[in-house]
Structure formats: structure tokens, C-alpha cells
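See below for the structure under consideration.
A, B and C label the chains in the order they appear, each numbered from 1.
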Amino acid sequence: MESILLSLSGGLLEAFQPLNLLMIVIGCVVGLFIGAMPGLGSVNGVAILLPITFLVPPNAAIMFLAAIYYGAMYGGAISSITLGIPGASTAVATVFDGRPLAIAGKADQALTAAAIASFVGGTVSVVLFTLFAPPLADFALRFGPPEEFALMVLAFATFIGLGGDDIPKTIFSILIGLVLATIGLDIISGRPRLIFFDISGFMHGINFLVLAIGIYGIGEMLWTLEQTEGNVIVHKVNMSWRAFLTNLGHVKYYIKTTILGSILGYFVGTLPAAGATPASLMSYGLAKTFSKDPESFGKGNVAGVAAPEAANNAASTGSMLPMITLGIPGSPTTAILLGGMIIWGLRPGPLLFTEHPDFVWGLIGSLYVANAFTVLINLAFIPLFVRVLTMPFTVLAPIIFVLCVVGGYAPSQTMHDVWLMLLFGVAGYLLRKLNYPVAPAVLAIVLGPLAEQSFRQSLLGSQGEVWIFFERPISATCIAIAAALVLYPVLRGLRKPAKAQA
Amino acid sequence: MNIARRGILALAGALGIGAMIASAPGVAQDWEPKKPVEFIIMAGTGGGADQIARLLQGLIEKKDLSPRPFIPINKPGGSGAEALRYLQDKAGDDHVVLVTLNSFYTTPIIQQDLGVDISNFTPIGRMALDTFLLWVNTDREDITDLDSYVDAVKAAGMEWKVGGTGSGQEDSILTAMMEKEFGYEVTYIPFPGGGTVAKNLVGNHIDSTVNNPAEQNEFMRAGNTKPLVQFTPERMQSYPDVPTAQELGHDIVYFMQRSINGPPDMSPEARDWYINLFKTLFESEEWQTFCVEDGLTCDEWVAGDDLAAFHAEQGKRHQELIESVGAAAITGE
Amino acid sequence: MTVRTAELVMAIATMLISIAIMWKSTELSIGWVPQKGPGSGAWPFWLSTGMLLASAATLVRWFLRATPESRSEETYISRTAFYVVGVSVGAILFLLIATNFIGIYFALLLFLFFYLRFVGRHSWTTTLSVTIGVPVFIFCMFEWALTIPLPKAISEPLFYPIYDLIY
């Protein structure tokens, strides 16, 4: 314990070196803005700014990149709330409640909740990281394909409550999301799959962002245009100190969800292959399942903003653990960070902690500092972001369309994806008008590939024997919890009428 | 000017603070890029090819070797099929280059209907050769050398699990070659990337793997995994104690090349400019250091027509390999 | 078209899409490969079978008038909504097609100008400042700060002098 504190104080001192501190602050701001652009997430920020890091020492470089990563996680929530478009896959769950709050003129509340929850998530996970890194790395190693599949089953189970009231339509939505996720290369057989009309653009599969931007950006915008018939919506924005303090006071409504989401997010993040997106979705699902008022979720509950935001920030710290100790990226962004470390001549692996303690502790120290800076910067910018919503709708709408088009293009740099995005947008709009829930499709496209891959890897390993999922302790536990989660609302539903009778 | 300043200033500009910077145009030459160069990677983010592309991009930036930036773009679709077809469609374009893996050879052979002929591409330069070793977990104390390994595999039969990076990838070909040479059959389980394979070996979720040195080195140093045999013609400097398969009387030699190629019909001036650029990079101290640390072989610079000859030979060899082990053994269906 | 008709058309359309995906999946092995688990086509095939069944359920519920949508005789898309939504979709469609020919920046100018001036009926000041400001912002953000080149098609040579300035 003492040695941890000693190392940590060394790390914090390192983070407060003038150059490092400057890099952290710049990184936070840059990340915040990149994250706030639809389509651009921490992956783009980190990948594009990686070459900069050749010019500064590795310690400053990793702190810069980690700060961008951190800032982008906060930034993702901004476009989710103000524009209704998830800035990155990690922020998709933030849209569910963030957007309704913004439409109701409570964008400032939602943004404050997102910032506070992110801060709590970041802090909780950094503390957990500091204390439990080595034992957790061992735990992560015990996660083989069967455990990964069981975790995905658990993730799906947390979404039970997210569907609409029309069961066949909800099932259809989940299934089409899963099917869209199978397009592209099948890594198990190495064969291209569902390449419609032999168009080579399908070979890289359907990027999550293409569906999410299509449905939430274009589809939602069309829906809003129809509802308002193009009339101007002007939000009253209250930007006084009093309002700010009142918003801070709302913390009590979501603090429990936030802490739960932070811990969950951290653990899911540390598992290789999982990362921040499933973590934020699971956190949202759990917050809804265990809420006293599950009906208000999806209609503008601040806890619905706080839960995913806490989890995605916590998971982004968590996913640095497998990167540092195992050399395995827990997310696409850490994959690039990992590449960066290798380029600087640092070999991530089980020995990094002992051979380069100054580097590792410097990074951990910088996470504390970056977290504190980002929340301050973010809170300071809230009035600016809220102002976006005061624009006349016929000015805002074309700008959002443009951001969608550019954001759909940027990740893969093909027009093919932009066309698909428009198609999904229009289809999503038409389906939504018929009460088809669209969120399950978006969730399914994220988790589908992980689920299929780990399922088939497990069966390859067990020679086609399905019992493997129940024989192994960790996977059996996950499946048991999943079953309990599915049954919980049913049981609660059964108990209510019984009470009413009594 | 450096990219850091540019990035930050540009962002400031974009935010409306406004900043104008002009940099002097590069020295006049016969040809030089007029717009940003697309640096296509036929694999996903974070893999070996991706690291190389991003390192090269960084070095170009740092050494100010190009008047226009190189922009890495990942096109991992269909084991590189998407990247190959993209390059084919870009025929005559002087502003796009591709970083390759061996799927450069195997993908057009396995996916016949792709309609890509790699001999039409414009070879620029070979940056490195990557090598393979056979690894097992150190917990397997019964396995100390190749013979005990083969015995253990034969005893386990199909229950022996070999991890790899995907059917049709380099390690699956090597696994198929070993199955043929030693007369056993194993279960091959694909994972998305060499790092994940390494982790699954350490966690004992798979029994063995043929990984690149870079992917296993740290686990070896930590005492988690051990190499049994290397598939190079001679022992590598970094592994003086590990025998080669040839020494043990098994003729299995396999390399992965990392080369830079342009689209078909690239103009000769542009080709020469790229050859010059990548030669400078190849000879740079940074690149050579990276090669040593990453266990890559970077002794010989092969460019232009020599690289074309190398590609032709390797293409033929892969054709034979795939025919001899059967495409089904590699694709797994 | 009433909501009721739209519900029927959508159910049939989703059934057709499901069948098309099922048919496409059969190109690969859809069965259980002994000792290996499901084949590579199995996952999409059985999922799209599920889609077919879910759509069929919606169809049955339509006949039974079990859902609010299958009872509603309201118009699916009203004339005014059709105008606003149709114009927006048409404009985006034009933006994408024009991008293929004249590059994204010039396509953006046309798109924004049209939308602000003719759909939004904004003043010349607002129209021009947004029409010019947004592409400039996009250029600075993507090409300059993030070095992500956007498609420029035939307008590419016009950007050469700007590249000289920024790179």
C-alpha cells in the first residue's frame, strides 16, 4: 500500500511537470472538440495526433494521447445531448435520455450530469486502477472465448427493458442489427459474407457509426422536422450561477447510478475485447432495470445520462489495463496507443510495470490530472454548447445533415458508407413512424460480432460441445446472472398484481 | 512546421480564433505529391502493418520528407480484398500507396473472383521481413523441443488447439504446412489479432501458436511462454538457442514481407520519388532500431523491379503452398 | 396512405428483405459443422429467419388489428410533412450525387444555399454566412487539423494552392 502511494505521488509529480501539464491541458481541449464532432471519436483524435508524439519525450506523449482519449469521452456526450447524434459509439446510450432532456429545454442539466458522472467514473476507475491493477490483469487472463460469450449474454440481458411495447417489432429490430453486423469478413472461416451485389464497400462490414449516425442523425432530424414542420424552436437557456448550482444539486438523483456505473464500467473495460461501448450500454440497462421509475428512462431521466457516461469514462481507464499489462488493446483507441508505445520503444507487457515504473505511474498520475481538468473545461463550456440549441431549426438542421455526411465519411473514408447512412436514416424514420424501436438495432450491431465470434471460437475449442459455457465457473456465473436479470422484471411484474389484490 | 503546432493552431482557426501560417513549398523536383498521399493499410488498426504505416507516417513528418502529408487509411475488409480492389481501381493515381502483409499474395489466390492481379501493381520497396516461431505456454513442462511437441499434439489429436489471426492469414498457412509435414491434425481457432492470440496462450485457452516475435517477446521475457522452433533459414540473433526447423530436418521456412506498393500504371517519376523516399526511411536510424526491437529482418533494401521479381517468386510459392495443403485446410470449410 | 396500409406494406417489405438475406446466406454453409460449431452462414441465416418470423407476427397482428398502428386510419405521412421531409432527403441525395462530380465543398455550398434560402427563407446575411462558414469550418477541421481529406473529385486542382499554404 505504501509503495503504491509512493509510486503514485511520483506519478503525480511527473504529471505536474510544466511540459506534461501543458500537453495534458491541450490534449483535454482537443479531445473534447474531436469527441463532440459526430463521427469523430477518440480513435480519430489519437490516430491523427500520434505522429506529434515523436517530437516530445514518451512520457509527455502518452499523457497527451491519454488526455485526448479522456477528453473525447467527455466530448462524445456533448453531441449526443445537444445534437442527438452519438459522437462516438461509446456515447450512444447517452442519446437515449440526453436528447429528450435537450428537447425539453434541459440540455444544461443533461450536460452537467454528463460532466459530473464522467468525472466520478474517471476518478473511481483511476483509484481502482491504482489499487488493483496486477490482480485484475490476472483475472483478465482467465477470460477465454467462453467467458467472453457469457459476458455478451449478460450484456444482452441488461437490455431487456430497453425495447418498446410491441414485442415482434422489438425482436425484429434486435435481429436486423445482428444481421447487419454479420456483413463483411467472417474471421472464423476467412470468407467474405453477405457482400450484396458484389459491392466491395460491404467487405469492411457496416460500421456501427454508419447505422447510429443514420438513425439518430438523419432519421431523428427528419422526425423532428416533421413534428415541427420546420418551425423555429427556441430554447430558453438559463445560464445563471443559480441554475448551475441547482444543476449541481441534482447530483443526488443520480449519484448511486453513477457509482454503480463507474465500477461496472471499470471491470468491463479491463476485459480485453470488451471496451467502453458495451460497458456504457450495460450500465444504462442496469440503471433502468433497477430504477424505482423505469418508465421515465428514454423520456428524459438524468440518471439515464449519468449511468452510461460514468461507465464509458471508467471503462476507458479500465481498457488501459490490458494494454499496459498484456499488450492487448481493450478498445480501438488503445490499439493505437499501443502502437504508439511500441514506436517509442516501450514494450507493453507483463514486465512494463516493473521495468518502466516511471512511465506507468506517470500515465496513471496524468489520468488523475486529466480527469480534473476535463471536468472543469467541460463545465465552463456548457453555456456555449447549449447555445447551439437556440439556433433556428432550419439553420441547425442543414448543419446537422452536413456533419452527418462528413462524419459518416471520415471513419472509413468511403462514400459507400455515406450512402448507406442515408439509407438507414430514411428507413429508420419510416420504421419509427410505425412504432418500431430503433435503439435495439443499434445495440445489437455493437455486440453482435463479439457474441458470434466468441461463441464460435468456444465451440471450435470444445469440438462443438455446447456445455462448455456451463462448465467453466466464470462463464456459468455470468449466464446465471443474465438469467436472473431476465427473470427479475417478470418476477417484479408478478408481485405487483399480488400486492394490488392484498 | 510540425504537425503539433499545425494541429493545435488549425483547431484554434477552426474555432474562429483564426490563424494563418504559410510554409515554404518544397524544393522543386521532377515529381512530388500535389495533394495528401493515401497510405492504405490492408489490415485493421493496431496490427503490425498499421504500426509500421503509422511509424513511417510519423518519420516522414518528423524528417520533413514530403511536401504533403501521408494519411494512413485502414481497409481491412475481406482479408485485404477490399484494399487490393481499391488499389486496382485507383490505376494511374500517383497519390496512393499500400502497405502489405502476405495476404497480398494469398487473398487473390483464395478469393478467385476478386479479379485482382498483383503483378499489375507498381512495386516500390520492401521495408522488412517478419519471422515466425512456434510457441507454447511454459506450464507445459512436458514439451521441451519439437519432438516432444509433436508427440503431445498427436496424443491430443483434434483436442489440440492452435490459435491464429484468421483463416487464410500467414499463421494458418504455416499451421497447415506443419500439419502436412508432421502428419497430425489440430483445431485452428482464429482470433482478431496477434495480441489476443498471445493473451489466450498465456491464459491457457489455446495450446500453441505460431506468433511473430514482437507479439510474444514480452511474455517470453516474463517467463509465460517459450519458443520451440523458428521457421527461418538461419537462427536469428535474438533467439540464438532456438533451433530452426531446417536444422531439425523439416523443410519449413516461412516469411512475411512488409512492402510498399503503388497502384497499377503509376507514373515512373512518381514511382522513383516514392522509391527514394522509402529508401531514406529504410536507412534511417529510427527504422533500423524499430526493426531490431520488433524482431524484424531489415538487412536488404529491395526496390522497384527487384521487388517485382520477389513478389513474382513469393506469389508462385504461395500458389504452390496453397495447392499442396489445399485451400480448404486454410479456409477451414 | 393511412398508417394501417403503411403497417401492411412495411411488414411485407421486411419479410421480403428477410427472405433476401436468408437466400444470400445460403452461399455459405448454414448448417452445423461437426466438431466445429455453426458454419459461417448459419448466424445470418437463422437470424434472418427470425426476422421473417417477427415480420410474419406483425402481419398476423395486422389482420387481427391487434396493434394501434393496424387500427389507425390516420395519414402515414401528411402532405406538409412529406414536403419538409421530402425536400430534406432530396437535398441530401443531391449533396451526395454532386459530391461525386464536383467534390464535397462545392456540393456543400449549393446544398446549404438551397436549404437556407429556399427551405428556411432566411435573410441573405444568415444564408451567406452559414453557406460559406460551414464549408470553411469543415475544411479547417478535417483537412487541416485532422488531415482527413474529403472527396474533391474534379475540384481537386483548385485546392493545390491551399495545400501549399497549410501543409
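Structural remarks
The definition used in the following text is that a residue touches a chain if its C-beta (ideal position, glycine included) is under 8 Å from a C-beta of that chain, and two chains touch if they have at least 3 such contacts.
All values derive from a computational prediction rather than experimental measurement.
Interface comparison, B-C versus A-B: the higher count of C-beta contacts falls to A-B.
Taking the mean of C-alpha positions as each chain's centre, the chain lying farthest from the centre of chain A is B. Look at where the CA atoms of chain A average out and do the same for chain C: the two points lie 23 Å apart. Centre-to-centre separation of chain B and chain C, using mean CA positions: 36 Å.
Our note on geometry: chain A versus chain B, Cα centroid distance of 30 Å, whole angstroms. In chain C, the residues that reach two or more other chains under the touch definition are 28, 33, 35-36, 39-40, 141, 146-149.
Residue positions 3, 7, 11, 158, 187, 332-333 of chain B are each in touch with at least two other chains. Shared interface positions of chain A, defined as residues touching 2 or more other chains, are 48, 188-189, 191, 413, 460, 463. Touching chain A in their complex are the following residues of chain C: 3, 6-7, 10, 14, 21, 24-25, 28, 32-41, 43-44, 47-48, 50-51, 54-55, 57-58, 61, 67-69, 76-77, 80-81, 84-85, 88-89, 91-93, 95-96, 99-100, 104, 108, 111-112, 115-116, 119-122, 126, 130, 134, 138, 141-142, 146-151. Listing the residues of chain A that touch chain B in their complex gives 26, 30, 33, 43, 47-56, 141-145, 184-185, 187-192, 195, 200-205, 272-273, 322, 326-329, 332, 335-336, 338-340, 342-343, 345, 347-352, 412-413, 453, 457, 460-461, 463. Across the complex, chain A meets chain C through its residues 34, 37, 40, 44, 48, 166, 168-169, 171-172, 175-176, 178-179, 182, 186, 188-189, 191, 193-194, 196, 218, 221-222, 225-226, 229-230, 392, 394-395, 397-399, 401-402, 405-406, 409-410, 413, 415, 418-419, 422, 426, 429-431, 433-435, 452, 455-456, 458-460, 463-464. Those residues of chain B that touch chain A in the shared complex are 2-4, 7-8, 11, 15, 44-46, 50-51, 54-55, 57-59, 61-62, 72-73, 75-79, 81-82, 85-86, 110-111, 158-159, 161, 166-169, 172, 187-192, 195-196, 198-200, 202-203, 205-206, 214-215, 217-219, 221-222, 224, 289-290, 293-294, 330-333. Within the complex formed with chain C, the chain B residues making contact are 3, 6-7, 10-11, 13-14, 21-23, 25, 34-36, 38, 67-69, 71, 158, 187, 332-333.
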